[in-house]
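A quick write-up on the structure given underneath.
By written order: A, B, C, D and E. Residues from 1 in each chain.
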Amino acid sequence: MERITIDPITRLEGHGRIEIFLNDEGNVDNAYLQIPELRGFEQFSIGRPAEEMPRITNRICGVCPEAHHMAATKALDDLFDMEPSSAVKKLRELFYSAFYVTDHTVHFYALGGPDFVLGPDSDPAKRNILGVIHKVGVEIGKQVIECRKRNHEIIKILGGRGIHPVAGLPGGWSKAMTAEERDQIEEWSHQNVEFALFSLDLFDDVVLGNQDYLDLILSDAFTHETYYMGTVDENNQANFYDGMIRVVGPDGKELVKYHPRDYSQHVAERVEPWSYLKFPYLKDVGWNGFVDGKDSGVYCCTPLSRLNASDGLTTPKAQEHFERFYETLGSEKINGRYQPVHHRLATHWARLIEILYSAERMVELIQDPEITSKDVRPIVTNTPNEGIGSVEAPRGTLTHHYKTDENGILTDVNLIVGTTNNNAPIAMSIKKAAQGLIKNGEVTEGLLNMVEMAFRNYDPCMSCATHSLPGQMPLEVKIYDADGEEIETRQQYID
Amino acid sequence: MSEQFEPVIVGFLCNWCSYRAADLAGTSRIKYAPNMRAIRVMCSGRVDPQFVLKALRNGADGVLIAGCHPGECHYVNGNIKALRRYTMLKKTLDQWGIEEERVQLLWASASEGTKLAEKVNSMTEELRELGPLRWHEKVLADNGAAHVPVKEA
Amino acid sequence: MEEKKEKTMQKEKVGVYICHCGTNIAGTIDVEEVKNWAAKNPNVEVSRDYEFMCSNTGQELIENDIKEKGLTRIVVASCSPHMHEKTFRNATERGGLNPFLFEMANIREHGSWATNDKEAATQKAKSLVNGAIERVVHHEPLEKIPVEINPNTLIVGGGIAGITAALELANAGNHVYLVEREGTIGGHMAQLDKTFPTLDCSACILTPKMVDVGQHDNITLLTYSEVEKVDGYIGNFEITVRKKARCVIEDLCTACGICEEKCPAQVVDEGYGAGLGYRKAIYRAFPQAVPGYPVLDKENCIYFQTGKCRACEKFCPTDAIDFEQEDEMLNFNVGNIIVATGYDLFDPRRIPQYGYGRLENVFTSLEFERMVNASGPTGGHIVLRDGETKPEKVAIVHCVGSRDQNYNEYCSKVCCMYSLKFAHLVHEHLPETEVFNFYIDMRTPGKGYEEFYHRLLKEDTHFIRGRVAEITDADHQPGEEGKLIVQVENTLLGKQQRIPVDMVILSAGIEAREDAAQVANLFKMGCDYDGFYNERHPKLAPVATMTDGVFIAGACQGPKDIPETVAQGGAAASQIASLIGQGTMMMEPVRASIREEDCSGCRICNNLCPYNAIEYDEEKEVSKVITALCQGCGTCVAACPSGAIDGAHFTNLQVMSELQGLLWDVQPAPEKVTA
Amino acid sequence: MKFGYYPGCSIDRNARSYHISMMAIAERLGLEFEEMEDWNCCGATEYFAINDIPAYTLVSRNLALASQQYSGEKLVAPCSACFLNLKKTDHVMGEYKEINQKVNTALEAGGLAYQPGTVSVHHLLEVIVKDVGLEAIEEQVKKPLYELRIAPYYGCMVPRPADMESFDDPEHPTSMDKLLESLGAIVVDFPLKAQCCGGHMTQISEETALELLRRLLKNADDYGADMISTLCPMCQLNLDAYQGAVNAHFGTDYNIPVIYFTQLIGLAFGIPENELGFGKEIVSAKPALEKISDEAPQEKKRRRRPGRRTGLPMPSMPEEG
Amino acid sequence: MTENGKPTLAMYWGASCGGCEISVLNIHENILTVDEIFDIVFFPCIADFKYKDVESYPDNYIDVCLFNGAIRNSENEEMAHLLREKSKVLVAYGSCAYEGCIPALSNLTTKEATLNKVYIDNPSIDNPKKTFPQTSTQMPEGELTLPSFYHTVKALDQVTDVDYYLPGCPPEPPQIWAVLQVIAGALTEGKELPPKGSVVGAGQTAVCDECPLEKQEKTIARFYRPYEINPDPDICLLEQGIMCMGPATRSGCGALCPSVGMGCRGCYGPTEGVEDQGAKMLSAIASVLDAGDETMEEDELEALIEEAVDTIADPSGTFYRFSMAHSILQRVKNGKGEG
């Protein structure tokens, strides 16, 4: 049996490896996404003071430290039972929206984009952000860079540092915003809106304008019918900072809507011996292996799924594009709700719409008089015990769960991060893509890259996903019968 | 020598009290465990926690810091600072799973040769009980980090 | 660590010398073995062993090797550096190297003398030697630091020690500030009647000296005063003295004594009078007091207690009484200090079975001194507490509070002799009276002391060897009625005896002053277990202390008789005189310094220095060490979070290298990174 | 306050009045004594002189039981001998490994074991002076013992030996003095207060015993004591029962009642005499008790400073300044 | 060097968070200059080069390799050795590679504890068979392997030879740009490189040097958790009892955290000449603790000091937040790290 290894998979955050097995006909028998790395945050955070978690867990991921910082901060709100003032909430959401804009921008232009802008089978040495810049022209490139620059500046102003911010406190924020900062950020927010619209146009030209890409997007190889998860507000409209977790089925029907505190009643994680990354699934449905459909607890949690799980967006321009998105991809509206879109590559488009939403949200927030309130650092006197915090990370619903002693020293920590949610669907996408693309043993770099495109659209962050690390592995020998059914397991520790 | 484990103790003795106490123990021919190797510092307040860690890292099984009694410090209160640092270090080392017997603080005036000798004896005993620390072998060596050969290109 | 890399680059030539110290070291440690082993160290050029390194020939070995073999570092393994560090530093210097390029390994006190296990001792010696080698390689040449010596001297305590020292220095033309807590100088000696063994009158020999002090141009006499604060360092101490209000205007007072006469308040004289006599509320301790003007004791003054009286004021011919007078603060600078604060008498009330305070006719030695003194309350007559009855039998109990595990283990040294003196005085005053001396051992070391004992033996004193168990008035045998019975085991007869007497004198021991510890803190001295001040070296530096420029003299250092006390006063004075003579003094260069370029100005160190030797430079925003103030303890070095402070001769590099040297046999091979 | 209680053999024989009075005042002082189960004799004063290991074992058995039966409560013994033996044994067991070993081996046979230091032994006097405190006592005093001159007698065991933590000065104890003063009595200076009553010498060498007793009685008499107050059944028995013998032997006529301090406390608390075991004593306390006056005596004249100008001042005593 | 004569640049991550990669992107427009100067030959985060490409390069083909991330497993170490072989200049980039950083907090606990926490004792786990990931698994189609994990997290220079250290979590973009310019200068114009082993892109003194807050003499009665008080934003946080690692931490960041009312956490590592950042800070803090003095009885003294010390929650996690792997003892003896 022939086997193909893609190692490391590239243009994602963190480590990953794809193993593809071909049968004698040279067709794909099976394909695996392996995550070879983990770091162990759940364990080594124990013993630390809880209030440090926003500044420890952001090191889970340097691409989306703001997400961990925010989830941790919200977990502290809950832990110390400190409901933040509306001023604090707005300040945080503003900070968080700026992060969304820059994060999605990086993915579209640096990670996912090159496949489209330069073409899946273009020269791998050029197939990157710099290549994109050369292709679309330095002027546009500078715009992209400008966008990242100003939003990282906002993150630094509000959060203390451009990467790995530090400002989060239980029920509060360590620094208030000055009037001058407000004016500056307002200007930048408007520029964000402009940039978002510009990017959507670019997507129209480069992708939607290109029939091959459109076919690729709509092709079966990149389509999965799974459950979709996303955070929504009281009107079931998407929100990234706060709200209820909503899950809709492949048919668009709401399966469940729950408070993040109840996550463990709805989500469980499985372990496979061939990957350090766990596989979450919906308890309400159950685990039936790596398969599609209503009866499989596999769900996904991406820009696409957030749109699928919501009834719409709160900002006008974004809402327009929201509707255009579904219309274009031929989703019909059933009692006020668009049917979910299952084409994974459409996630890139959804991502751009989220940029627009976040940019518009920034304008709303920065114009709110409360945003410069000085009173953002409350003094905490409550005794901590247990707290859960959740936000929509760009790569999926992110949940932090802490328990502490009465001094606020952590005694237990559990983290379900965005990408982990998508572990199963990614694995499935890769297998399906591989099977759809590799025929009769014909394998080209371009084809393999298209297989990578299958995970890339999820914008997986293995840094995030691999936050835990088991140290020395126990040795386990698994013996399978002809049908791959496990019949015996022997396990022992080796040092 | 007997087969039993002979711990190695590094002693940081202050020039004015404890080091003289050790001198006195010798001069009075008090026989005590030869397991302590003394380093003379001007004051227990000079003992940088780095010294203690370095000693443990470099194979010592225990560290004894000795100074003048509070109120009798030749430098007025250097020993008080030593006590503060020691207290903080102890809390940290406890988190690191290093038994408190391994790092001890003693007040011994220049006239307390016997006290010092007795401390060295008792500490030696306690460390025999605990067994070797020998950080590089027992803690660091076997950590799964053995050299891994470079992949064949 | 960067530092380290460069350092070890250029190889040093170390000379190692292992001392046999006769058999003191060689008897336990295999010197040969250690020598040969040390020779293997790459840094070692020469490795020798020698019978006695401290001998001239031993030192010459070092000097010659430096000259001939071009050694750059020296290690001597022998005794404690407190013994011979200076010796070998000098040898190193004579050889032409900076004396601080030397390091000593203490393989005697810490090695051969501390164990019988030869193998272990040899192993330990190797470690200590290796530590010294690894350390000395990183030594740096250092120069001693000169300090100007202020010629003025502060003397604390106006007893015979302080008086002697003051006169010595003043006569040599140096100015002295003599500070005395009481209203007059003189101290305990002024309370005594005769002095043993010569029996010359204490006052007669003391008062002339007191007068000299009072009149000396070079002596500023501050009585009824106490030192409040001492700043600075040898050569330049800043002193603050509280001159307590004595309510007498010194310039106006003629010391006529009328106020004392007229004062209606009768007070038991617990001070000079040892509680045996009475004094007034405004008083001079005794007629020859220096200075002559009295002190008003507010606790007992009727005016201060009731607001009425003012008799003294009314009668004072020169209006020298000033009830409003307030304490006065004086500041001055001195180069050196002598502390001569004397002793407290052991309080026999702590031994209830001796009945002092319960049984009328039990007296303390000081009470007896006052009683037998012609100027004392009884005019020198030996009588019972009733003031009339002459005792027919007198018991003198030695070692009260001394040589006793329940109280003080040490011997108070003077009690035997003054007890003998008492016996003699009783015989002298009351020839008919029988005297019993109860002693444990008769201790009479000193010129003419033993002879005095023999004289007493001839005077028919009964000497009974045994510690007195109890003194009671509970009679139960004929002849005991109305007597004090001394219960004792006569260890020479080996039987219990009950000896009825009329008067008992308790020869109480000498104790450190109650406030010795505070005073020690004030002058940055150390106290020993019994509260006496620590001398720098028990044999070789008996009047110096650990703090440069602070000296001690007399009973504050330990029990002493008058001759010893006087000798110490003189010794302290002459040591200071020689310092003043030199004009400057060279201080050990073991000092801290801050590398400006590495200091972040975090100001962690600013408050740490007990000598306030660290100041903050607002301009450059860095901290600085004032070298002259720094005593080199190294606390700031250990504290500096960014390692910007160096402690000369005790740098991290030096200590860490010694450490690694010590652990040669247990530490890991230097970590290699797999490249 | 709750205490473990080791009564000792004599308590409900010759020392009934001690027991009765002790229980009578216990209520008033809120003291609770839980008698130890299955206790045995402490070996009194002789056994240790004869064969120490069995003696220590004998006592240790009690300690072992106590350590089982009480959780942290102090163990109280009213009898000086019992108190000393229990305390001494605990001390010795701690000091000397080999004795400890032998004793515990012996105890093992009875399925017992004793770990030195687990039981803290106290004499009744200590409990009343320290744990209850003089203030609490004074509050309860209804009929002060004004004008009654009492010689406080401690005997030789309670405060000794010095090397064991003692609650009072071994040579010159004063706790009972203070206690009696707080009851309003006049406490006479009693130099022999801590000397031996002869113990079992009455059985071994009556001559010796009588002399010792004579001294105590004489001394008390010299100081004009109306009665001797005691805290030990043995002392009480000797001084009381052998007083006649002393008189007969020496031709004296001492007539000094010897009363337990607990009885005197009860008396001052206004508890009827018959409820305090008065009348059981051989030398009757009646005449002495009649001296008690309802009037507080005028300020005791202080012998410290003789008024006579010629006299010399006495040194002040610590409690005075 | 590539045929076109441009110096080659590689960036790789060991056990890291990707923040270092982002920090490079955060030199913003200068990235274009980098693109002009260098040819990127390996950069998994943004470019499609695979391991086999790197393996195929000749030795020293890579002029500058920015290695970030700690050494956490065998793959990390293999790559460290591989990239050392292929690189002229190997830079330990960022706190992880330099001193272990947050991942090295793992050295405060044990492998068993971690394993158990992640795969067994966890509120959302569904693992009835108690399966653990395997270094090798036989699947029907063939064997799947995973790297083996280390007990102790290591810094890059603990497994291979390192030329320069660029501290920070992550390094601040201006510093990065400055360093890249120096290196570029050396490679293209033959300018001088700093001495091997030096720390680049950071200051020599501690953060306090750059910190705008006002500093006084320090005596600290007790410490507060950051949420327990609302500090005066203009005065040194440490003096107000808020833990700040500034005094023991190398400058270079511009004292960003203290400027927003958050104590420094020490990500730039120890200052020049300090071996163990944690021990040094511990010593400094203990020294200025205003508890007890020489006039007190010993037990009173000890009690007071204990009390003051106890106001510092989790000393190890505080003083060694970033430097555990490079601390003198490197890891805990057993699993007591939970404090």
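The criterion applied here is as follows: a residue touches a chain if its C-beta (ideal position, glycine included) is under 8 Å from a C-beta of that chain, and two chains touch if they have at least 3 such contacts.
Worth saying up front: this structure is predicted, and the values here are computed from it rather than measured.
Student: Between chain A and chain B, which partner chains are common?
Tutor: Of all the chains present, those in contact with both chain A and chain B are E.
Student: With centres defined from CA atoms, tell me which chain sits nearest the overall protein centre.
Tutor: Checking distances from each chain centre to the full centroid gives B.
Student: Which chains are joined by the largest number of contacting C-beta pairs?
Tutor: After tallying contacts for each pair, the winner is A-E.
Student: Just the number, please: Cα centre separation of chain B and chain C in whole Å.
Tutor: Each chain reduced to its C-alpha mean, chain B and chain C end up 32 Å apart.
Student: Nearest whole angstrom, what separates the Cα centre of chain C from the Cα centre of chain E?
Tutor: A distance of 55 Å separates the two centres.
Student: I'd like the Å distance between the centres of chain A and chain C, where a centre is the mean of that chain's Cα atoms.
Tutor: Whole-Å distance between the two chain centres: 77.
Student: Please compute the C-alpha centroid of chain A, do the same for chain D, then give the distance between them in whole Å.
Tutor: Centre separation, chain A to chain D: 85 Å.
Student: Any chance you could list the residues of chain E touching two or more other chains?
Tutor: Each of 51, 81, 108, 111, 148-151, 159, 275, 280, 283, 287, 294-295, 314, 316, 337-339 in chain E touches at least two other chains.
Student: Could you list the positions in chain A whose residues touch two or more of the other chains?
Tutor: Those would be 47, 471-472.
Student: Two or more other chains in contact with one residue: find those residues in chain C.
Tutor: 521, 608, 635, 638-639, 674
Student: Chain B touches which residues of chain C in the complex?
Tutor: 80-82, 106, 108-111, 113-117, 119-121, 123-124, 127-128, 131, 517, 520-521, 524, 526-529, 534, 546-547, 590, 608, 610, 631-635, 637-639, 647, 650, 652, 655-656, 658-660, 662-663, 665-668, 674
Student: Under the stated contact criterion, what part of chain E meets chain A in this complex?
Tutor: Listed in rising order, the residues of chain E that touch chain A are 13, 15-23, 25-26, 28-29, 31-32, 35, 40, 43-51, 72-73, 75, 101-103, 105-106, 108-115, 117-119, 122-127, 129-142, 144, 146-151, 169-170, 172-173, 225-230, 256-257, 259-262, 265, 267, 313-314, 316-317, 321, 337-339.
Student: Going by the contact rule set out above, which residues of chain E touch chain B in the complex?
Tutor: Interface residues on chain E, with respect to chain B: 51, 55-56, 71, 74, 77-78, 81-82, 85, 108, 111, 148-152, 154, 159, 275-276, 278-280, 282-283, 285-287, 289, 291-296, 298, 301-302, 305-306, 308-310, 312, 314-316, 319, 327-339.
Student: Residues of chain C touching chain D in their complex?
Tutor: For chain C paired with chain D, touching residues are 268, 275-278, 349, 351-353, 356-358, 360, 364, 367, 371, 377-378, 383, 385-388, 406, 470, 472-476.
Student: Which residues of chain E touch chain C in their complex?
Tutor: Counting only chain E, the residues touching chain C are 81, 84, 157-161, 197, 204-209, 215-219, 246-248, 251, 270-275, 280-281, 283-284, 287-288, 294-295.
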